[in-house]
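Next up: the structures, one after another.
Shared chain: chain A. Partners: chain B in the first complex, chain C in the second.
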Partner chain A sequence: MSMGIPEIENAKLLFIFGYNGADSHPIVARRIIKAKQKGAKLIVVDPRITESARIADMHLQLKGGSNMALVQAIGNVIINEGLADQKFIENHTNGYEEYKEFVKKYTPEYAEPICHVPAEQIREAARAYAKAETSMILYGMGVCQFAQAVDVVKGLASLALLTGNFGGPNMGIGPVRGQNNVQGACDMGALPNCYSGYQSVTDDAVREKFEKAWGVKLSNKVGIPLTHVPHRVLEEKDEKKKIHAYYIFGEDPAQSDPDLNEIRETLDKLDFVVMQDIFMNKTGLHADVILPSTAWGEHDGIYSACDRGFQRIRKAIEPKGDVKTDWEIISLISTAMGYPMHYNNTKEIWDEMRSLTPSFHGATYEKLEALGSIQWPCRDESMEDKGTPYLFTGGKFSHPDGRGKFFATEWRPPCEVESPEYPYTLSTVREVGHYSVRTMTGNCRALANLEDEPGWIQMSPEDCGKLNVKEGELIRVFSRRGSLMTRVLPTERVKPGATYMTYQWWVGACNELTTPYLDPVSNTPESKYCAINLEKIDDQAWAEQCIKDSYESIRKKMGIDTAKKEV
Partner chain B sequence: MGKQILTTCAYCGAGCQLYLNVEDGKIVSSTPANGRTNEGNLCLKGHYGWDFLNDPQILTKRLTKPQIRKNGVLEEVEWDEAISYTAERLSEIKAKYGPDAIMGTGSARGPGNEANFVMQKFMRAAIGTNNVDHCARV
Partner chain C sequence: MNNNLSSFVVACNDQCTGCRACEVACFTVHNQKDNKVAHTVGTVEIPVTPRLFLTRLEEFCLPVQCKQCEDAPCLNSCSAKAIARIDGVVYVNEDLCIGCKNCMMACPFGALEMLPIAKKGKAVKQTGSDEVRKSAYKCDLCINIEGGPACIKTCPHDVLKLVNLEEDRREKNIKAAIALSLTGNL
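Right, the complex of A and B next:
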């Protein structure tokens, strides 16, 4: 996020795009409500009537998969109605003329049939966004989990450039990131193209610095993204390019990744799969080695919040069982492979990381102890440098010339659209009580009681009427890749033709249905759009028994004594 | 007497600060702390999301011992065996197909920044590949 979470409540206008804070980040959503109470205008762009949409001044209930057309139509209106911040554009940006030329055809009337949003509503939203004293964009997976995702992010950033909404407090653009430490895993270089602090593996000077520190020659070839693994295992013909071993650490791709059938096939075909985790999971069922590690609460460290805030985690209890910290396990394997690694504690690791990473260099354990939280960049170890609440101060951007770059491109429809055989769309979403693949929340008594297998499919009352199904009834859902049973949840929040499922369930695992199509730049799968069909099940008693049996069989595989523990 | 440990919530990216209340080596509850982002508030996951540490065995079992698949079945082994077996198999594959035949992941969840730094260092320095990524994409 270019801004900090506390700034949200002080923006004069919040433009919330494909982001459902109430379910994903309740404590961030609280800032949205506070902003509203302080008089901010709220514009929500979402195909569902989310909680934010309910309190919004304007809700653009667009059709899924039309983001780029809408974003550019807003840019078109801002330019055509003379609302652009010409001074900011002149002083701080590049590429305005090309942008202006490109979005010419994206009139609200052009976008209306694509987005299913009235042209006049697009105009009103654009005017409000451009005219507010400070406008802040918050976006979520409703932007990122499409095959056209990076384009939309750049398109949204272009709206902020167009209106001078960068460089000061309470403005900017904020991807509100999902997992507790997804920001941190990126910060630390768990990415195929960069070391810690986003230092490129192809930059010779950077690589030499790491080679010197680590005493070994390093590869200058960008690695492959996680989502390419199935292809590199199942389809790659060139033996040299094939992936043969997969070391999976704190993830459950056999539940979280799209097209689970393909993932299971991949895991089985690999020569060697290592799974390092805290609980048995679906991936573990395909592993050759299982390495048990300590969990949150049992070890020390630092997380990065979604607004670049480093914060400490601390060990509260002794772990039970014969487990080790993740970094100790990895160090032991490394040493056994002939590259000795040894650390006594997380501070030693953090200090090594800081010594190699200028933008995090000033964020010492001591300073974190004193301040509680430090938003990077924080370059200097002295107490004077308390970090950076918002980026691009005074309109200075991270491109070499310090200028922000406009971006426009054609809208592309989603990769798999509705057809007579598969006339409905499915998007995967979150719910508040369970987290991610529920490795943790599913094993918390208070939270497990909130919702259980097989989960729900959100459908419009019209579609429920058409299929003659009612709330709680089991229904069959199928796509070109798989099928499952789940419960019907009629809701006015969704439009006819569109359906939504959360992705943590084993029996009702919506990733059996999703597509593996990826954004060409981020390689993020299109989890927000695929074509499905729905079928009423006449024998509900039989279906209920199937769910019960299937749930019990998976739990048994996971080592749970189901005779003692009722489903 | 119990103790209170200040930490960061393990769930979403909001980074809420909370105290874990520990009695007799067990977490019994959590209390919101006055963090920069949460200002004394928690959602239900912050309030109740620590219970998995008590391993109530609802869905899955906590892993408590290394395991190796032998003749198709996962068997519990000692750490020494698990580490040397893993190192051997990875070295074999590296020798046979090159370092780029191995893929590793980071973790966006519990382990933390230091563990991710060590993992990417391992993949880059010990294995010799940039094939390291995590579920930021998923």
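Right, the complex of A and C next:
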């Protein structure tokens, strides 16, 4: 995020795009409500009526997969109605003329049939966004989990450039990232293309620095993104390029990744799979070795929040049984593989990382202790450098020339659209009571008590009427890749033709249905759009028994005590 | 004193995000003593039985709970005399409830639900049968629980509050009187 999470409360306008805080991040949702109470205007762009959409001043209920057309139509209106911040554009940006030329054709009337949002509503949203004293964009997976994702992010950033909504407090653009430390994983270089602090693996000077520090030769090639793994296992002919072993930790691709059939085939085809996690999960069923590790309350460390804020976490209880922390396991594996690695605590690891990462160098344990949280960049160890609450102060951007770059491109439809055979769309979403792939929350009796297998499919009452299905009834859902059973949840909050499922259920696993199409830059899969069909099940008793048997069988395979489940 | 109208908990639609923290808190505090449910989730061995009900439709989302009616239809219709008014709170004695569901039929707000009874961390069985015993459950304003209504305390968005209509009416009267006094004599 270019801003800090607390700043959300003070923005004059929140432009929430494909982001459902109430279900994904109740704590951030609280800031949105506070902002509204303080008088902020709320514009929500979402195909569903989310809790934010419900209380918004304006809800643009667009059709899924039309983001780029809508974003550029907003840019078009801002320029055509003379609402752009010419001074900011002149002093701090590049590429405005090309942008202006490109979005010319993206009039609201052009976007209306693509987005299913009335042209006049697009105009009103654009005016409100441009005219507010400080406008802040918050976006989520409704932007990122499309095959056209990075383009939309750049398109949204262009709106902020266009209106000068960068460089000051309570403005900017914020990807509200999901898991508590997904930002931290990226910050620490758990990406195929960079070391900690986003230092490129292809930069020779950077590589030499790390080689010197670690005393080893390092590759200068970008690695393989997670979502390319199935291809590199199943289809790669060159034995040297083929992946043979896969070490997975804190991740459950056999639940979270699209087209689970293909994932299972991949895991089974691999010569060797290691899984490291806190509980058994779907991926574990395909692993050769399982390494049990500690959970968040059982170890020390540092997390990054989505607003670049480092925070210390401290061990609350001693781990039980034969488990080790992730860093101890990594050290032991490394030592066993011939590179002796030893640390006494997480501070030693953090200090080593800081010494190699200029933009995090100032975030010492001592300073974190004193301040509670530090947002990077924080370069200097002295107490003077308290980090950076918002980026691009005074309109100075990270491009070498310090200027922001406009971006526009053609809208592309989703990769798999509706057809007579598969007339409905499916988007994967979240629900408040279960976290990510349910490795943690599915094992929690209280939460499983509130929502349990096989989960729900959200459908419009019209579609339910057409299929003659009622709330709670089991229904068969199928796509070109797979099929499953789940429960019907009629809701006025979705449009006819569109359906939504949460992706964590073991029995009603919607990723059996999703497509493996990727965004070409981020390699994130198009989890928000695929074509499906629905079929009423006449024998409900049989279906209920199938669900029960299937759940029991998964639990049995995972070695989970099934007797305890009975209450 | 006893002529006062009963207080009750209400929710504000504009602030609720549907997180259900109120439901979990309600269940937790009502099962701390008998069922050893503590503040951490690992201690829950019994079905989760909240006494307020998150209700979500197109335009709203908020928990619904008992209004502690002055002439309570649930109390009037109870065939087992399991429902009584104690200090203004309409209270179900689960040991007496026979699960006839008259109260559910009578309540105009859907503020009661039949839920399994648990004691000492185990579901209570029916006499002469292995089926789980159920009782009507409803908001009791946490009368026997320290700190008052747990839902209000727990809500991260300050959605819920305890209303006292006597006080509320008095305040409105004062405001109206001030407004009237400013208009002068008619």
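Going forward, the second predicted complex is superposed on the first by the 564 of 567 C-alpha atoms of A that agree within 3 Å, B and C clash if a C-alpha of one lies under 4 Å from a C-alpha of the other, contacts with A are read in each partner's own complex, and residues count from 1 in each chain.
Note that a contact is a pair of C-beta atoms (placed from the backbone, for glycine too) under 8 Å apart; a residue touches a chain by one contact, two chains touch by 3 or more.
Fair warning: this is a prediction, and the values are worked out from it, not measured in the lab.
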First (chain B), second (chain C), both or neither touched by A:V289: first
First, second, both or neither for A:Q179, with chain B first and chain C second: first
Contacts of A:R54 with chain B and chain C, given as first, second, both or neither: second
First, second, both or neither for A:I33, with chain B first and chain C second: second
Larger contact residue set on chain A - chain B or chain C: B
Partner chain in contact with A:R493 - chain B first, chain C second, else both or neither: second
Touched partner set for A:C546, first chain B, second chain C, both or neither: neither
First, second, both or neither for A:G433, with chain B first and chain C second: both
Contact residues common to both interfaces of chain A (with chain B and with chain C): 26-27, 30, 432-433, 444-447
Residue numbers on chain A that touch chain C, as the complex places them: 21-23, 26-27, 29-30, 33, 36-37, 49, 51, 54-55, 432-433, 444-447, 449-450, 491-493, 567
Of chain C, residues touching chain A in the complex: 14-21, 23-24, 27, 41-42, 44-48, 56-61, 116, 123, 156-157
In the complex, chain B residues that touch chain A: 5-17, 20, 22, 25-27, 35-38, 41-53, 55-69, 74, 79, 82-87, 89-91, 93, 96-138
